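By letter and in written order, the chains are A, B, C, D and E; residue numbering begins at 1 in each of them.
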Amino acid sequence: MSTLHFRDIHKHYARRTILAGLELCLRTGSCTLLTGENGTGKTTLLRILGGFEKPEQFAADTGHAQLNWRHYRKLLQSSVLYLHQQPYMFEGSVRDNLSFALDRSLPKAEREQRIHTALQWAGLEKIADTRAKTLSGGEYQRVALARAWLRQPRILLLDEPTANMDREARNRTISLLRQLRDDGMALLVASHDPECFSSLVNEHLNLSAGRLQTVTPASRFVNMTLLQQAS
Amino acid sequence: MDALIDASLKALHLLFSGDMALWEIVGISFRVSLLALLIATPPAVLLAFVLAYGNFPGRRLIIALFSTLLSVPTVVIGLTLYLILSRQGPLGEWHLLFTQNAMIIGQIALAFPMLVSIGHSALQAADRRAWETARTLGASHLRALLTIIYEVRFGLLAAVLASFGRIISEVGASMMLGGNILHHTRNIPTAIALETSKGEFAQGIALGMVLLVMAATLNVLLHHFQGKGFVGS
Amino acid sequence: DDKPANMTLKMATTTSTENSGLLTDLLPKFEKESGYSIQVIAVGTGKALKMGEDGDVDVVLVHAPAAEKEFVEKGYGDKRYPVMYNDFIVLGPDADPAGVRDTKTAPESFAKIAEKQAIFISRGDDSGTDKKEKQLWETAGIKPAGDWYREAGQGMGKVIQMAGELEGYTLADRGTWLAGVDKSPLKIVHEGDKDLFNPYGVIAVSQTRYPDINHTGAQAFIDWIVSAKGQQAIADFKINGTPLFTPNADKPATAK
Amino acid sequence: MDALIDASLKALHLLFSGDMALWEIVGISFRVSLLALLIATPPAVLLAFVLAYGNFPGRRLIIALFSTLLSVPTVVIGLTLYLILSRQGPLGEWHLLFTQNAMIIGQIALAFPMLVSIGHSALQAADRRAWETARTLGASHLRALLTIIYEVRFGLLAAVLASFGRIISEVGASMMLGGNILHHTRNIPTAIALETSKGEFAQGIALGMVLLVMAATLNVLLHHFQGKGFVGS
Amino acid sequence: MSTLHFRDIHKHYARRTILAGLELCLRTGSCTLLTGENGTGKTTLLRILGGFEKPEQFAADTGHAQLNWRHYRKLLQSSVLYLHQQPYMFEGSVRDNLSFALDRSLPKAEREQRIHTALQWAGLEKIADTRAKTLSGGEYQRVALARAWLRQPRILLLDEPTANMDREARNRTISLLRQLRDDGMALLVASHDPECFSSLVNEHLNLSAGRLQTVTPASRFVNMTLLQQAS
């Protein structure tokens, strides 16, 4: 189990401090839930980890090397996927949007196979050839998640992935995320719906006043998971 | 008014009589301008992109500079390049003056600031999430750039068409650098300038109409190809 | 293969020679005989001479004797050859509100115009025609100024147009006038005195100054245009049956 | 090269010597172009808005038409208006030819298609929700329009600046319609055309630089006033 | 209690039928909850009622008059407020965005008073002068709702108003909506979170296959409300 350890993340906008020297671990095969009131900085944190927002201070420890912000961005941005709180669809069909996430070197048949699976999983078969920009709110979230699944990053940062989703889509999302986690992906999920993710998370952190507090520690969750697996 | 009608008839006649001299001039016009546009567009769009997405000191000044350059008369651009390309000038040995290549250089210099200025305004209207989404889904910088370009293609098309309009119709630089030499560097605008200086207004307007028809064809094709261009939801 | 390597020749000339159609008539004959291909850059006299000074053209054909003299003296060109002449005319509205038709000389007619404050459109562009006009005002002893005197800063064709529109007077060269006579409401109100003489000269750009210039070609053109053949071709050039230029290579006239 | 340096020095000298003749020409240039822009902008933006938000047949053709009009040489626009305003033409009695008003008319005709074309491309890049939100919050059509204009002000500014550049620097129409009459209708571009026709290249470039400096001031001011113009999140 | 009765609402995109002759009543002082799977057409319906999407067929009955689409739009658009699923913020501060919704004829002091109240209610005092476009997801929703409250429309159409909101903001939203309802506004709320609104709604409709089915009829809710008021 490899761990990515972030330390000293500082970020402020104008005179407002959003993140005040925050510390965080991401583990492969583990899902971390991030809660916090509106405007506490969840999105900001995820965007920093995704390489899209520049923090004032930052340190990341891969276990092998200490990385500053520039090195982190250079080395790790390509293995991190950040799913926007409000996802963006490219011009083109849902299918085009999904195929964007696939490696261009894959053979055509393989690509089509994967897209087909993704469409099926997300319940998007019927609207596969609709212009993605015209989709409904929940469909947006689904396509974005399917796109993330196709991309298969090492670290997946999800910003309110289930907002706007109906009940069934939420359940499917949870089971997809569980599968990804068990395949060894590191997940970090920001959400206002902790119950929804309770069966999935290994660690629950709450962001407030620029720092993280552990709500449920990793250890307890790990035990729970082991117990679940045992049973 | 008669003169306008006369000119319209002349234009039609010119267009359909298959007048070789006319088609030669039209050919030179489009060859020079399309080549200039082709050369100027990629670096200009790249620069426009950097100006829209980068956040470095002086960025705003550079943007203002490029829109300022649009206020410089084409003949001044032509003159400046003339002094550079002239035998007396630093690039005199290249013997470019009064060739189509000199005209192409002049038109590149004219198209570039407009492409940057309007291109920047098109690119800055893009949603930043487009770039971020492309990048986070593993697109290379180049592919992400191409994606953004496609997202704002309508705005960029407007930039390209405005720049094309600027260079296909300009007379100052082409006259200075090309010299309006028959069979060599006479294009439609310099031919029009010649005709009007002779007082042959009808002939001038007729040539203008020929240009209009050709440009309309190009524009309608490009707009059709490009898509709808109204505010989507 | 002792043909000269560079068979294209660049000539800067005034708009009047090009616009009148003279060159279109003349040059193919020269090109056919000599094998040269000649590229014409038709601009104002000042600009034509400037292009010669910069060595950007091989030969200039212009009508501004004083400026040409200076051009040669400063060493930009070798020698001025007289080629032909035509004349200037005073144009005005048919009604002739200033009564210019009654005058004997050009300065006199100018004085009349100034006295009546009739609209006068000046080229104002330092061209050969403009210089001639300024000289005529000087001879008349008048410093033209006021709302009636309008400096247009444009080519001859345009100025004739403007004078027509504004029902004013102007000084024009006969070539441009003949080329556009049928489109203008103006009439010739004064012509034919020796003050209005308008000579053209041709100068090859100095090879000493610009060694890689096509001097051979330039000289070949000059030789042809001052030859009997070239002179005959000029004499033969007519618009609506009226000859425009009088060849004068053999009897170099003195510009006033 | 000497000529370029010479020109720069001349420009500086011209600018600071307080030469009345120069300032008169500059004044005419800016007066005519700013007035033309002021008159052309409101209807052009309105039309651009209708083209961006309406969805009626022929909409795309009209857009293509306006970008086509950018390819018509200014002298042809000038010529056409000349034939209309001329003594022989339908509006001959108005005696507008060779006045600043004729120049203003010509420049309006030049600015309008560019304002519509680039303005449309700026407006169509707006988020439709902006209009909808304004309307649902009770804004009148006019207020909602003004809101959208403010939302895409950067793109519209680019359209206005490009149009300003087009008319402040154009020579064809001003020459035809104004006649380049000293103290009356001589503006910077026609003065430059005159100087270059005389072979006074340095003087021409110097005048061009004066224009450049004036336009730069205007551009920097407007850009500063307008804001940042890079892709926000 | 005045009722607005919509009938025969038809809407399709290309060959997909979204709304197939749907019928719906909005009553003053009543809150209707609209649920339905992703992509069933909740947003489409709300946008039609808000006057932003043109249906193929449409009839509205105010009790006094039968209105076709054009008349409806003309007469009623100004009394209806549609709150986008993803709200839009105008350039300018939060305060500017709020003041946009106020009648321009109000005296200045009154305007400021109202904006102050709205800021307070939505918990936005601290960010009143922040550029609205930079707000967080939940803050967006809050400002949009505060804007709607300031506007005081007769009919309020809310598209997933609580998505991205934290728990406290949700509770506040519910109590605000209750107040609006009791003041006589007609509310129509689309949401994937029926529980959240259960204390508020008078009628719960489910959209599926282009038609509405009553989940809990108005009568039952009305009784419940009366009972609550009695107790």
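Basically, a residue touches a chain if its C-beta (ideal position, glycine included) is under 8 Å from a C-beta of that chain, and two chains touch if they have at least 3 such contacts.
Predicted model only: the values in this text are computed from it and were never measured.
Engineer: By that same contact rule, can you tell me which chains touch chain C and chain E alike?
Structural biologist: D
Engineer: Quote the value, from 0 to 180 degrees and to the nearest 5, of the angle by which the CA atoms of chain B must be rotated to coincide with those of chain D.
Structural biologist: About 180 degrees, rounded to the nearest 5.
Engineer: Please give the pair of chains with the highest number of C-beta contact pairs.
Structural biologist: That would be the chain pair B-D.
Engineer: Indicate the whole-number Å distance between the mean C-alpha point of chain B and the mean C-alpha point of chain D.
Structural biologist: Roughly 17 Å, centre to centre.
Engineer: Just curious, how far off is chain E from chain B if you go by their C-alpha centres, in Å?
Structural biologist: The separation of the two C-alpha centroids amounts to 50 Å.
Engineer: Hey, how far is the Cα centre of chain A from the one of chain C, in Å?
Structural biologist: 80
Engineer: Could you state the distance in Å from the CA-based centre of chain B to that of chain C?
Structural biologist: Taking the mean C-alpha position of each chain, the two centres sit 35 Å apart.
Engineer: For chain A, write out the residues touching at least two other chains, lowest number first.
Structural biologist: Counting only residues that touch two or more other chains, chain A contributes 86, 134.
Engineer: Where does chain D touch two or more other chains at once, residue-wise?
Structural biologist: Counting only residues that touch two or more other chains, chain D contributes 127, 129, 193, 196, 201, 232-233.
Engineer: Would you please write down the residue numbers of chain C that are in contact with two or more other chains?
Structural biologist: Each of 155, 158 in chain C touches at least two other chains.
Engineer: Go through the chains and record each pair that touches.
Structural biologist: A-B, A-E, B-C, B-D, C-D, D-E
Engineer: Please name which positions on chain A make contact with chain E in the complex.
Structural biologist: On the chain A side, the touching residues are 13, 36-39, 42-43, 85-86, 127, 134-139, 142, 159-160, 163-169, 192.
Engineer: Note which residues of chain D are touching chain C in the complex, please.
Structural biologist: 86-87, 97-98, 175, 179-182, 184, 186, 190-191, 193-194, 196-201
Engineer: Considering the complex alone, what residue numbers of chain E touch chain D?
Structural biologist: Where chain E meets chain D, its residues are 50-52, 77-78, 80-84, 86-88, 90-91, 100-101, 103, 133-134, 147, 151, 153.
Engineer: In the complex formed with chain D, which residues of chain B make contact?
Structural biologist: Going through chain B, the ones touching chain D are 1-4, 51-55, 59-61, 63-65, 67-76, 79-80, 82-84, 88-90, 114, 117-118, 120-129, 131, 152, 154-155, 157-159, 161-162, 164-166, 168-172, 176, 188-189, 192-193, 196, 201, 204-205, 207-208, 211-212, 215-216, 219-220, 222-224, 228-233.
Engineer: Per the contact definition, I'd like the list of chain B residues that touch chain A in the complex.
Structural biologist: Touching chain A from chain B are residues 127, 129-130, 132-139, 147, 150-151, 232-233.
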